[in-house]
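Alright, structures below, take your time with them.
Two complexes follow with chain A in common, the first pairing it with chain B and the second with chain C.
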Partner chain A sequence: MTDPFAALGLPRAQALDLADLDRRLRERAREVHPDRFSRAPAPERARAAAASAALHAAHRALKDPLARAEALLALAGRSVQGARPAPEFLEAQLAAREAIARGDGADARESARVALAGCERKLAELLAPGAGVAALDGAVAALVEARFHASLLRAAGDPPATPRPGQDR
Partner chain B sequence: MNYSDKVVDHVEHPRNVGSLDAQDPAVGTGLVGAPACGDVMKLQIRVSDAGVIEEARFKTFGCGSAIAASSLVTEWVKGRTVEQALAISNREVAEELALPPVKIHCSVLAEDAIHAAVADWKRKKGK
Partner chain C sequence: MRRALGIDLGTTHSLVAFVDDRNRARVLDLDGSGPLVPSAVRYAASRIDVGAGARDAAASAPGEVVLSVKRLMGDGARRLHVGAAGPAGREVTPIEVSAEILRALRARAEAAFGAGELGGCVVTVPAYFDDAQRAATRDAARLAGLELLRLVAEPTAAALAFGLDARREGTFAVYDLGGGTFDLSILRLEAGVFHVLATAGDTRLGGDDLDAALADRLGLPGDPATLLAARAIREALTDRDAWEGVLPGGARARVSRAELEEAIAPVVARTLGPARRALADAGLEPSALDGVVLVGGATRTPLVRREVRALFGRAPLTDVDPDTAVALGAAIQADALERGGRDDLLLLDVVPLTLGVETMGGVVEPIVPRNSTIPARATQEFTTHADGQTGIVVHVVQGERELAADCRSVARFTLRGIPPMPAGAARVEIAYDVDADGILHVTARERTTGVGQEVHVRPTSGLTEEEVERMLVESVLRAEDDVEARALAEGRLEAAQVLAALEAGLREDAGALEPGEREAIVQRMAGVRAAAEGTDPYALRAWLSSLDEAAKGFAERRASVHLARAFQGKTVEEI
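For the complex of A and B:
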């Protein structure tokens, strides 16, 4: 895969200043903006358009903490595909989903929010520069669990988390 | 995401939604989860003494493709022997529902659920 961190000139790390991320996108996207190439020869225009698309794709891959963790794991040659969540974890997920479907899911939602935040903290730790290869198994496990919590919260109608600038530092 | 007509049909009219008694020795329960998206799928089968699946139920919490895949396999496994059910492949499910590449994992999940349900039934039977 292409390296979204390199595309935006960032170190490969889970912890990230979102305001800085947005600023980097703005600065770099400006240089390849289609308006600046409207009178350029077609091949150059196409190159600029591709570069612009790549910058926005990199930004998307890094903005969401779970997508960012997935990108870091992919760069390390790891993936959540094939990971099997523990049976007890799935039982708990099923019970929580059923409670939400019954309209009785306030507790399930709250615990999912807390658990998701916990997973994100763990990912920041395990996917820090220098955390080492040994931390990757834990990071895969934390990302898988986070996906279930995030999926539950989406199903429960929770708005997607919109982190404040700098909050995710 | 544009769902195929078949997916839409299963989502709007899901077949065999619900639960069987997990404590019943003739019932096998498969509970699986998709690590990439967090979908949860429960598939249950009731198997006759002759090893034929008489009833199937599912509960899926996830996207339309996952719901359709599990709904479809509850229809497919009914009347088959457990061995025939194990032969159902995710590719057949994906083809039947015209799932796009990004949704193939939903059909994989349905196949996993069949295998988990049969394994649970076999474990109970001591086979």
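For the complex of A and C:
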């Protein structure tokens, strides 16, 4: 896969300053955006459009903490595919979903939010530079669980857990 | 140098602006009475009129005048009957009517600058315009003989007019309530880059709706002439507490501002939901903003200002002319593009609605999420599900709902020319490119041959429903990049196998069930079935696991029963 960190000139790490990420997008967009080539020959314009779309895709992959973790794992040769959480975890997920479907899921939502934040903290530790290969298994597990929590919150109609610009994670 | 134009093609009014020799954006006085030209087209017997004259004829010759055509843009099937009633009149599309307005604006600009002096133009669209509405606007510009450099979102253009010269920096919300559309965009302004973080809106909500609410309150019909009268009353009540005069129909009446506000409050309240969603999508609290900018004539209405102040917890900035900001920003961008780009200016806009593809069960698979920065590109891999299948139908939709039927259909494409192969062997990669105008382009290639043969993409037409049904992609397979899609596809396969096995088991080996076990299994089978029809791989995985747990005992007992039977059979044979 292509390296979104390289595309934005960032070190490969889960912790990221989102305001800085956005700033890097703006700086690089200046160089490649099609508007800068509005009077250039067609092939050059097409190249600008492709480079610009690739830059935006890299930014998308890094902006969301779970997509960022997946990108880091992929760069380390790890896939989340086929990784499954423990049966007890899945049973708990099911119970939480049923509670939300019944209309009394306030507790389930709150604990999903707390659990998701916990997974994200764990990912930041396990996917820090120098965390070592041994940490990757734990990171895969944390990412898989985080996805379940995020999916549950989406299903419950929570606003997207977009982190605040400027917040250091 | 040729003069580039910024055109604000509005629901009720349109404007043209340009950048003058001293590098300042200015609106063009189009017919001696100011910059605003009513977006009204009159199809008279011998000629077509655009502007104030056409608007004023709406009462006397309603069949000849088209108002607020912008609200019909993107409705491909829409035909308007104009001119004389019956066969003497004619049918026009909303694109043609919009093109008449643009043609008139172009003619007036040519009169001002000289015919050979016009360069390219930027036409603005509501940020929340979808693919079809943007494509219709682009087509209208082409039909009017304009060189379209770019479509720009109205709030983004307004932000440009607001922020560029003053060198403003920070995070701003633009609340744009025009004649017929509402947009709320959140932008980060930094070092000359206008970076849209999120946008939301309603393309059927504007000043027209305020006027309709007032007309309704006054017991008047909703015809165009009455709505114009209602607008005049609403505008008069901006600076005054009461209006007194003659209503259409001849009755004298008195309307207080309080009455007006009571009538329009529900309409104004409809702007708050999109505004909150844009903030949530940008991940911002209102207090994190550096300012709120009001755009669009309807934002002069005092109630609108009060609601904006309440929502954002601050007074809106007042140093922007709500009527001209969009056209001025469009002119600045048009001038930059005409010159081949500017070092100190860049607009980074987003796609307002999620683009997705219909998959199994009518469920939408998101491809390009809303608020993705454009240009954006996404690819997907599909395969065939019948032997020798040479075509695939892809249905692209736009919207935030889970079912394709609830979203706006962008296009059904037929991919033809796939070499005949066994089911599942063909690998077709489809690329979805959203360009800087926010318009989608779809390309596809077949990859098995390794040659990257182009597959023809064209809108489906002339196909029977049956053919479409047969060719519709049933599920997304082999999407290596998309873990969730793959997990879902695998889960569905597993669900189908497990459900079939358990159905057979419950039928054939009911004797192996313990009390209460059937109910537990059947209940979880229903859960698996429902989850398999949904799009959430996580819910499906949880249900599968639960079913597995509930059916474990039964499966073991069944296996031993079968084992016992097998041994018995063997014994019989040996005898």
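Methods note: the second predicted complex is superposed on the first by the 167 of 169 C-alpha atoms of A that agree within 3 Å, B and C clash if a C-alpha of one lies under 4 Å from a C-alpha of the other, contacts with A are read in each partner's own complex, and residues count from 1 in each chain.
In the analysis below, contacts are C-beta pairs under 8 Å (C-beta built on N, C-alpha and C of every residue); 3 or more make two chains touch, one makes a residue touch a chain.
Because the structure is a prediction, the values reported are computed rather than measured.
Following the overlay on chain A, a clash is recorded for the pair chain B and chain C. Using the contact criterion defined above for the overlaid structures, shared-chain residue A:Asp35 touches chain C, although it does not reach chain B. In the overlay built on the shared chain, the residue A:Leu152 is in contact with chain B and with chain C. Of the two partner chains, chain C is the only one touched by A:Asp22; chain B is not.
When both complexes are overlaid on chain A, the residue A:Ala101 reaches chain B alone and has no touch with chain C. More residues of chain A are in touch with C than with the other of chain B and chain C. By the touch criterion defined above, A:Pro87 lies against chain B and chain C together after alignment on the C-alpha atoms of chain A. Superposed model on chain A: among 350-358, 368-376, 422-430 or 566-574, the stretch of chain C in collision with chain B is 350-358, the rest showing no clash. In the superposition on the C-alpha atoms of chain A, the part of chain A touched by chain B in one complex and by chain C in the other spans residues 80-81, 84, 87, 90-91, 93-94, 97, 147-148, 151-152, 155.
Across the complex, chain C meets chain A through its residues 149-150, 171, 188, 190-191, 193, 195, 197, 277, 280-284, 288, 336-341, 343, 346-348, 369, 372-378, 433, 435-436, 481, 483-484, 486-487, 527, 536-539, 541-543, 545-546, 548-549.
Taken in their complex, chain B has these residues touching chain A: 31-33, 35-40, 42, 59, 61-62, 105. Across the interface of their complex, chain B is touched by residues 80-85, 87, 89-91, 93-94, 97-98, 101, 144, 147-152, 155 of chain A.
Those residues of chain A lying in contact with chain C across their complex are 1, 22-23, 25-26, 29-30, 33-40, 49-50, 52-54, 56-57, 59-60, 70, 79-81, 84, 87, 90-91, 93-94, 97, 147-148, 151-152, 155, 159-160, 162-165.
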